[in-house]
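Next come two complexes, and both contain subunit A; in the first it sits with subunit B, in the second with subunit C.
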Partner chain A sequence: MLELLQQSLFSGLLVGSVYALVALGIALTFGAMKIINLAHGELVLLAAYMAYVIESRTGWNPYAAIPLAFAVTGIVSVVIYLLIERIREHRELNSLILTFAIGIILTNAILLVFASDVRSTGSPFLQDAVSFGSVYAMKGEITAFIISLAVMAGLWWWLKHSWYGRAVRAVSSNRDAAKLMGIDPRRVELAAFIVAGILASVAGVALYTMSVVQPALGPGLTIKAFIVTVLAGVGSIPGVFCAALLLGVTEAMTVTLASSALQELVGMVLFLLVLFFMPNGLFGARTRRG
Partner chain B sequence: MRSLPALLILAVAIAVPIAFGGNSYVMGLMVSALIVAGVALAWALLGNLGGMVSFGHAAFFGVGAYTSAILSAKFGLPVPLALLAGACGAALCSVAMLPALRLSGPYFALAILAYAHIFKILATEATSITGGSAGFQRFPPLPTIMGLDLSSRIGSYCLLVVLVALCAAIYLAVKRSHVGTALRAMAESEDATRVVGVNATLLKAWMLLLSAFITGLFGAMNAHIINFLEPDYAFSASWSILPIIAAIFGGYRTILGPVAGAALIYLFDQIIAKELLPVGHEILLGVLLAGMILIAPNGLFGMFQRKTTKGAAHAAA
Partner chain C sequence: MLEVRQLRAGYGAINVLWDVSLGFPQGELTAIVGPNGAGKTTLFRALMGLIPHQGEIRLDGRALKAKTWDLLEAGLVMVPEGRMVFKDMSVEENLSLGAYPRRCRNARARNLERVYDLFPRLRERHRQLAGSLSGGEAQMVAMGRGMMSEPRILLIDEPSLGLAPVIVKEVFSIIRRLKSEGVTIALIEQNTHIALSVADHVHLMRSGKLLMSQKADKVDLERLHDLYLARETGAASF
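Let's look at the complex of A and B:
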């Protein structure tokens, strides 16, 4: 029993790192534009299917698909931004409905092109098992975990040290003040959407290598990412990372101790509890979202 | 002049059974369209008066359906009472969502989406009550009242027309009451409204309750009309998506918009979209929704209304 728990703890941590990448994409665009991109999960899914295309057509390692995946998610992400930009009245709610509609379009486009079959990697290297003491993992999971960490470190550096990253943080914290400092918020928002596209492309490919994908997965991914951002509270990358690991571990534990049908339920209950009792998130920032 | 669209819709509603009464396919489509119309009306009420976007009305729809079906089948409750109980059940489950009202715009929308998922999972897992994913059937159909068999296509249609009209009347009454005025003020500035002594959260809670009640009622109606339930159907995301598109297409800030929108969208989906794309036909609905938000966020009736008010202003000047 103890070994089972150790194993689910470990698997949960590995899958949590991918949740963190998805959640950071949503958090970034929300920070810059105060708009939740409900189609972000579908962007991730789109990238996962690009990995499938590359692997099934060429037989290369799915990670070779990252440039293609990024080109696709980047373009779609920019299109989403340009469409949101056109909304004039009731921007907050209308953009929510718009991205919801884009999510429906993407889900069904994937369904039309790739059919509703479940896909996963066939790479023998990625499916190979490695053991760490008493726990096991697929090499694909370990790779995904390491790449996710690297991308998060890159994002952290970008936000901290690059001009655009700092501009994103400036616009997130005070849009008007940022404008007065000579920052064009539109360029910053565009940058945020492009970086969200990069995060989605890596997350999608990682998801494909460690798990199974199917067209209906998109909304679930968006919800999970949103759960993570709510658990984390506004702001820090380490907070999002910890919250994502927490969600991953909670889900894995539920599958081990109860049933896989309850996996999503536990995540949502956790989400609602935090939302109602700790509205600033577990790793609290100061602002209330009320 | 102002009541012209309403009379037009009423005329269509009366003309349909006269023209197509014998055609059970058309009447079946119309019955489903009216179900969507009822939910769209409830969604628009929450959106327009309460200022809240919900992606989770499927939760109310499913809870209403299951409550009514279970009460009438297992506890022998007469169907009309069971329908009412279904609506109350949906309203009751919206009480569980009241804490979400503290959240603003996008957070509320996503919290309610999460709720919808929770209810769907619960319905699938609670096999002893709902029958789980195997489905639930053999519950009584709609009764015969005053010689009109409500379980027939024509009977269901007439009952639904009356119900939709009733809900529209309730919506109109709320909108015109002082509650409606307070809610409109709240949409402009919630803080200012609170300062003058309006309990904004309480009013929003009532709107959520009313919206859930209406949605549950139509969910229950639908269950007794088709006489079969399974969680994937009763809690299907379509029950959230179709009403949203219907309301946005028709104009969610009007009362007739969602009703007319539901009829047009549902028929478009069933007759044109499903014919073109048997799999993934919802992509066309998505395109339609995105297009409406970008080009005409006020919907068909919204555009019409704006034109007439502009015309009136010109006439006055």
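Let's look at the complex of A and C:
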């Protein structure tokens, strides 16, 4: 039993790192524009299918699909931005309807092109198991974890040290003050959507290498990312990372101890508990004041 | 010299400024005083391109572009009312954002040192979140951030707001110092006395109009106060 728990803890941590990438994409565009991109899960899914395309057509490692995946998610992400940007009234609310609709369109486009079959990687390398003491993982999961960490470190550096990244944080923090620094908020918003596209492309390819994908996965990914964002409470990368790992572990434990039918439910319960008892999120209490 | 002619601006259907014309002479400090709701902040917001306006705004005889980021490249910088610091960022990150305009990015490290020399308190607290600072320290961050943008013309809106008198003194000694360095300054202040202590020119604003414009050393204090408090019949607009 103990070994089973260790194993689900480990697997949960690995999958949680991908949730973190998805959540950071949503958090980034939310920070810059105060809108929630409900089609972000479909962007991730689109990237996962690009990995499938590359693997099934060329036999290469799915990670070779990242440039193609980024080209596709980047373009779709920018199109979403341009559509949202045209909303003149009640942008926060209307963007929800708009991005929800884009998500449905993308899901059906994927269904049309790739059919409803379940897809997963056939790479012998990625499916190979490695052991760490008493726990096991696929090499695909370990690779996804490492790449997710690297991308998060890159994102952290970009937000902290590049002028564009600083501008994104400034706009997220105080839009009017950011304008007074000479920042053009619309360019910053566009940059945020492009970077969200990069995050989605890596997350999608990683997801494909460690799990199975099917066309209806999008909304579930968006919801998980949303739960993680609310759990974290603040837009800080370590906060989102910890919350994502927590969700991953909780889900894995639920599958082990109860039933895989409850996997989605437990995330929602976690979400409600946090909203009831810590409305500022697990890491948000200190910085949100006044 | 920054010049404003027949400026009208407001918020949506509500007009606030009614044909305001004034100049901000090079290297001098121009104070704009007046009661709450006079339109002082609206004037600054229009100057910085934060709200649309009608009328002319010229810098050295040339019409200025309308976008805020173009104005920053031209050297117009504003220290806003209520500080508007980036609360969830550190003091140093706040100051660094002041160096965002392209013309001052390369000088960031040098300007940072200069700001820290002027405000030693900020150097001590450079890693602290700006949201956890006292009002006086936040005002120093806002002013330091403005200096990081290497202003040719610095617009300072109500720097004394909500500060203890001893801090206000400190803030104004910095304003004096900036002036002595040749920065053209436009200052909004409700406290007439402290405004007059640093100003070269004083304008009184009420109900979106300039009611009085004088040299600070020749100002008719009694008339200024009467107009400020709308005790003169001519000034009562409603």
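Everything below uses one rule, namely that the second predicted complex is superposed on the first by the 284 of 290 C-alpha atoms of A that agree within 3 Å, B and C clash if a C-alpha of one lies under 4 Å from a C-alpha of the other, contacts with A are read in each partner's own complex, and residues count from 1 in each chain.
Throughout what follows, a contact is a pair of C-beta atoms (placed from the backbone, for glycine too) under 8 Å apart; a residue touches a chain by one contact, two chains touch by 3 or more.
Being a predicted model, the structure only gives us computed values, none of them experimental.
*Asks:* Can A:174 be said to touch subunit B (first), subunit C (second), both, or neither?
*Replies:* second
*Asks:* In the overlaid three-chain picture, which partner chain does A:166 touch, first (subunit B) or second (subunit C), both, or neither?
*Replies:* Touch status of A:166: second partner only.
*Asks:* Does subunit C touch more residues of subunit A than subunit B does, or is it the other way round?
*Replies:* After superposition, B is the partner touching more of subunit A.
*Asks:* For A:269, decide between first (touching subunit B), second (touching subunit C), both and neither.
*Replies:* first
*Asks:* Between subunit B (first) and subunit C (second), which does A:182 come into contact with in this model arrangement: first, second, both, or neither?
*Replies:* Second partner only, subunit C.
*Asks:* Going by the contact rule set out at the top, does A:93 touch subunit B (first), subunit C (second), both, or neither?
*Replies:* Only subunit B; A:93 stays clear of subunit C.
*Asks:* Going by the contact rule set out at the top, does A:133 touch subunit B (first), subunit C (second), both, or neither?
*Replies:* So A:133 meets neither subunit B nor subunit C here.
*Asks:* Now for A:111: first (subunit B), second (subunit C), both, or neither, which partner does it touch?
*Replies:* First partner only, subunit B.
*Asks:* Between subunit B (first) and subunit C (second), which does A:124 come into contact with in this model arrangement: first, second, both, or neither?
*Replies:* A:124: touches no partner chain.
*Asks:* Pick out the shared contact residues on subunit A: the ones touching subunit B in one complex and subunit C in the other.
*Replies:* In the superposed arrangement, which is not itself an observed complex, subunit A uses residues 289-290 for both subunit B and subunit C.
*Asks:* Provide the residue numbers of subunit C that touch subunit A in the complex, in ascending order.
*Replies:* Interface residues on subunit C, with respect to subunit A: 48, 50, 67-69, 72-73, 77-78, 80, 84-89, 93, 96-98, 100-101, 105, 129, 131, 145, 149.
*Asks:* Over in the complex, which subunit A residues touch subunit C? Could you list them?
*Replies:* 163, 166-167, 169-170, 173-174, 176-184, 234, 287, 289-290
*Asks:* Enumerate the contact residues on subunit B facing subunit A in the complex.
*Replies:* Answer in residue numbers: 47, 51, 53, 55, 99-100, 102-107, 109-111, 113-115, 117-118, 121-122, 124-125, 237, 241, 244, 248, 277, 279-283, 285-287, 289-290, 293-294, 297.
*Asks:* In the complex formed with subunit B, which residues of subunit A make contact?
*Replies:* 35-36, 83, 86-87, 89-90, 92-94, 96-98, 100-105, 107-109, 111-112, 115-116, 219, 223, 226-227, 230, 261-262, 264-265, 268-269, 271-272, 275-276, 279, 289-290
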